[in-house]
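Listed after this line are the structures, all set down as structure tokens.
Shared chain: chain A. Partners: chain B in the first complex, chain C in the second.
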Partner chain A sequence: MPDIKVNQTLDCKGLACPMPIVKTKKAMDQLQPGQVIEVQATDKGSLADIQGWAKNTGHQYLGTTEEGDVLKHFIRKSSPNEVKEEKKHPHVVSNEELHQIMASNSKTTVLDVREPAEYAFNRIPGAISIPLGDLESRLDELNREDDIHVICRTGARSDLACQWLAEQGFKKVKNVEPGMSEWTGTTEGNH
Partner chain B sequence: MSTKVAIIASNGGLFDAYKVFNIATASAATEAEVAIFFTFEGLNLIHKQAHHQLPLPAGAEHIAEGFKNANIPGIPQLVQMAQELGVKIIACQMTMDVMNLTKEDFIDGIEVGGAVTFLDFAKDANVTLTF
Partner chain C sequence: MASSTELELSVMTAKELTRIVLAKEQLFILDVRNESDFNDWKIEGDSIEIINIPYFDLLDGVDDSLDQIPDGKKVLVVCAKEGSSKFVAEQIIKAGRSNVYYLEGGMKSWSEHLEPVKIGELNRGGSLYQFVRIGKGCLSYMVISNGEAAVIDTLRMTDVFEQIAKEQGAQIKHALDTHLHADHISGGRKLAERTGAAYWLPPKDAEEVTFDYKKLEEGHDITVGSTTIRIQPVYSPGHTIGSTSFIVDDQYLLTGDILFIESIGRPDLAGKAGDWVGDLRETLYSRYKKLSKDLIVLPAHFGKVTELGEGGKVMARLSDLYKNNPGLNIQEEERFRRTVTENLPPQPNSYQEIRQTNMGKLTPSEEEQREMEIGPNRCAVHDK
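For the complex of A and B:
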């Protein structure tokens, strides 16, 4: 599979338990919320350990790929206000509504503003990937007249994206809530 | 509130040290609050000299090579990591008195206390372990 873009790569190859976890914790402390780390490990126990660690620390475990003996774990640092952030964009559709819209109109644009690693493991087929942080520089990839449904994991980042797109003159942008965290429709991913 | 992990270390072999410090560092790295009470032979695990050369169980000496091959970190390294991660190390005053040891015989950054010092921490711990 192609390389997944991350903010930091941490080499834990050859290290035994509990070193991969300890090093991951230390590296994660240096990251900004929303950033993604790739932890490379050869310790087979790290697969279960990293998942348990993410669950207990509240960070988001995205997935793991395997290349030979090396396990690559992808984790996104959570931010404390991610779930609490005040939502302001007035046009909102639910997951179910988006599902129906997609079923009836294949031309609907779904814009996924999560990080590339999140998109890589689990996405709506056909969704366009532009991470929130890249939206400004890649604006010309979108059409101001299109119906655009913006999605992220919980509706917070996509809300910011919607507000900003509306300011840039996009007329028909809608925020999808809650987003991929509870998406029950078809998905695809690099596994 | 974060998870609290209370550990009693009462044995002084190399295997005992790994059980204690692996669980302690893994817990602390998972943002748990961790305290270890070292008592009786467990004091070896934090003794300045002794913790560098902890004995393997009789008959298991050949396993030393296994530790090396699997690239397992040394006990001094694990102890240092535990301290960096904020693991609280408490040496048992009573055992120290019996063995005629002082705080200076142990690694830096430890506390010395009695049973109640540990109990005060352990009374509302989510996980309590004895090694």
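For the complex of A and C:
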């Protein structure tokens, strides 16, 4: 499995409960919204606890990989206004519409602007990964004439991406709403 | 350094907790594991009041939760191993509370605690012990007579059996399993290796095992100690194809996972629910009916703590079970079939790996065995 890009890696190997969660909480407090932390732990119980903790605090649990005895948990710090952000890009398609478009035209481009760790665990097959923050530097990977469907988790980051792409002269960009959080079509991911 | 003893954290062992549950003493338990683990399996008892607040919701302090914890009552904080329960219990004490305990070894030690309970005397000398694994609902037995002992459905914690045999001056000669278990790792083979005892299994359950064993067969009684304590195998398929019951000393019927006090065995754990329904019905509604109604039924599991009688004994007269056990009172075959094949409780944790381990195909470490066994037994059709 390729390395997943993260903002911070936290070593909790050898620590017993409750220390992995205590340390994760502390580290999370220092992160910016949207950033991703990788927590390495050897305590098997940390898996269910990280999931429960993320659920109760509203942070986004992305997934866990296993390497030998080490569990690597990936969590993204949520921003308080992530779900409610005002959307401005005028061209929007629903998850269902994208599903139909993909079924009838295999050439359509799906651009996933979530963090690499989110993409790694759960993505639409064939989707291109360019995190929102990297879009500017990697713009030449995209074609201005293409039909591009931009997707993220809830439609907020993809909306910002759509607006910015439109400003750069992209003509046919559409925002997918709500996005991966409610995607029921086929997905793939590293597990 | 001076400190008030009242405000010191106290430790409670699984043995002491067992005593409290059996004596029905008042206890308030704060379980700080995550919600899913709590919902899967928890400490139960008539006198136990229990709530769940995950420790990770208490990292910033317990002040917001103090009103949920009764003041003046004995409070036990419980987690998976003990680290988090100590952490939370210390905070409760810092908040000014007293009479606060944590469970030593957490739910792991609760799952492994075995309480020996004497069931009764045997007709020509000797006695029968039941071993109650209170946290998981498993039961083992030891027949002791004239310096010899046989252990039935031995659990993984074999040192407890060796200890009791030693105290009673008996040498363990036989280890018998009523069937190939799916909810816990049998200690039969280990006990046999450690003591030189013979390990007996029903051959139909043992077709895939990787080790030598002696075959349990009807008509081949096993003698313990003085020549009169007999263990008569009675072939009684249904939970597994090989399931075998034992009549001990013409008084006791050890039913394995076929018949429990308040329920009956499930036929699906070896993946053959449909095939074994008929066998299960035949055993419960015909084979057992031909036995003496005065036999005392001793199962390999209990489902609820309400099944624990005086001193923790789990037992009932066969005639009473025919009157009161819902699983023995389903007259229509079709309804019986539905009851034992549909809407079954979830399968026990890691039951496939546990079966493989009991066949000798997997050899997990002690720690892995512990993890595999965490959780309730769920061998009866009515356990939810």
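In this text, the second predicted complex is superposed on the first by the 191 of 191 C-alpha atoms of A that agree within 3 Å, B and C clash if a C-alpha of one lies under 4 Å from a C-alpha of the other, contacts with A are read in each partner's own complex, and residues count from 1 in each chain.
In this text, a contact is a pair of C-beta atoms (placed from the backbone, for glycine too) under 8 Å apart; a residue touches a chain by one contact, two chains touch by 3 or more.
Quantities reported herein were computed from a predicted structural model and do not represent experimental measurements.
Colleague: If chain A is used to align the two complexes, do chain B and chain C fit next to each other or clash?
Modeller: Chain B/chain C on chain A - steric clash.
Colleague: Examine A:Gly45 and indicate which partner it touches, taking first as chain B and second as chain C; both and neither are also allowed.
Modeller: The answer is second: A:Gly45 touches chain C but not chain B.
Colleague: Quick check for you: in the superposed arrangement, does A:Ala16 touch first (chain B), second (chain C), both or neither?
Modeller: The answer is both, since A:Ala16 touches chain B and chain C.
Colleague: For A:Lys25, select first, second, both or neither according to whether it touches chain B, chain C, the two together, or no partner.
Modeller: Touch status of A:Lys25: both partners.
Colleague: Just chain B (first), just chain C (second), both, or neither: which does A:Trp53 touch?
Modeller: A:Trp53 contacts both chain B and chain C.
Colleague: Across the two complexes, what residues of chain A are contacted by chain B and by chain C?
Modeller: 16-19, 21-22, 25, 49, 52-53, 56
Colleague: In their complex, what parts of chain B are in touch with chain A?
Modeller: Residues 3, 22, 25-26, 29-32, 70-73, 81, 85 of chain B touch chain A in their complex.
Colleague: Using the touch definition up top, name the residues of chain A that touch chain C in the complex.
Modeller: The contact residues of chain A facing chain C are 16-19, 21-22, 25, 44-45, 48-49, 51-53, 56.
Colleague: Any idea which chain C residues touch chain A in the complex?
Modeller: Its residues touching chain A are 34-37, 54-57, 59, 79-81, 83-84, 87, 371.
Colleague: Enumerate the contact residues on chain A facing chain B in the complex.
Modeller: Contact set of chain A toward chain B: 14-19, 21-22, 24-26, 49, 52-53, 56-57.
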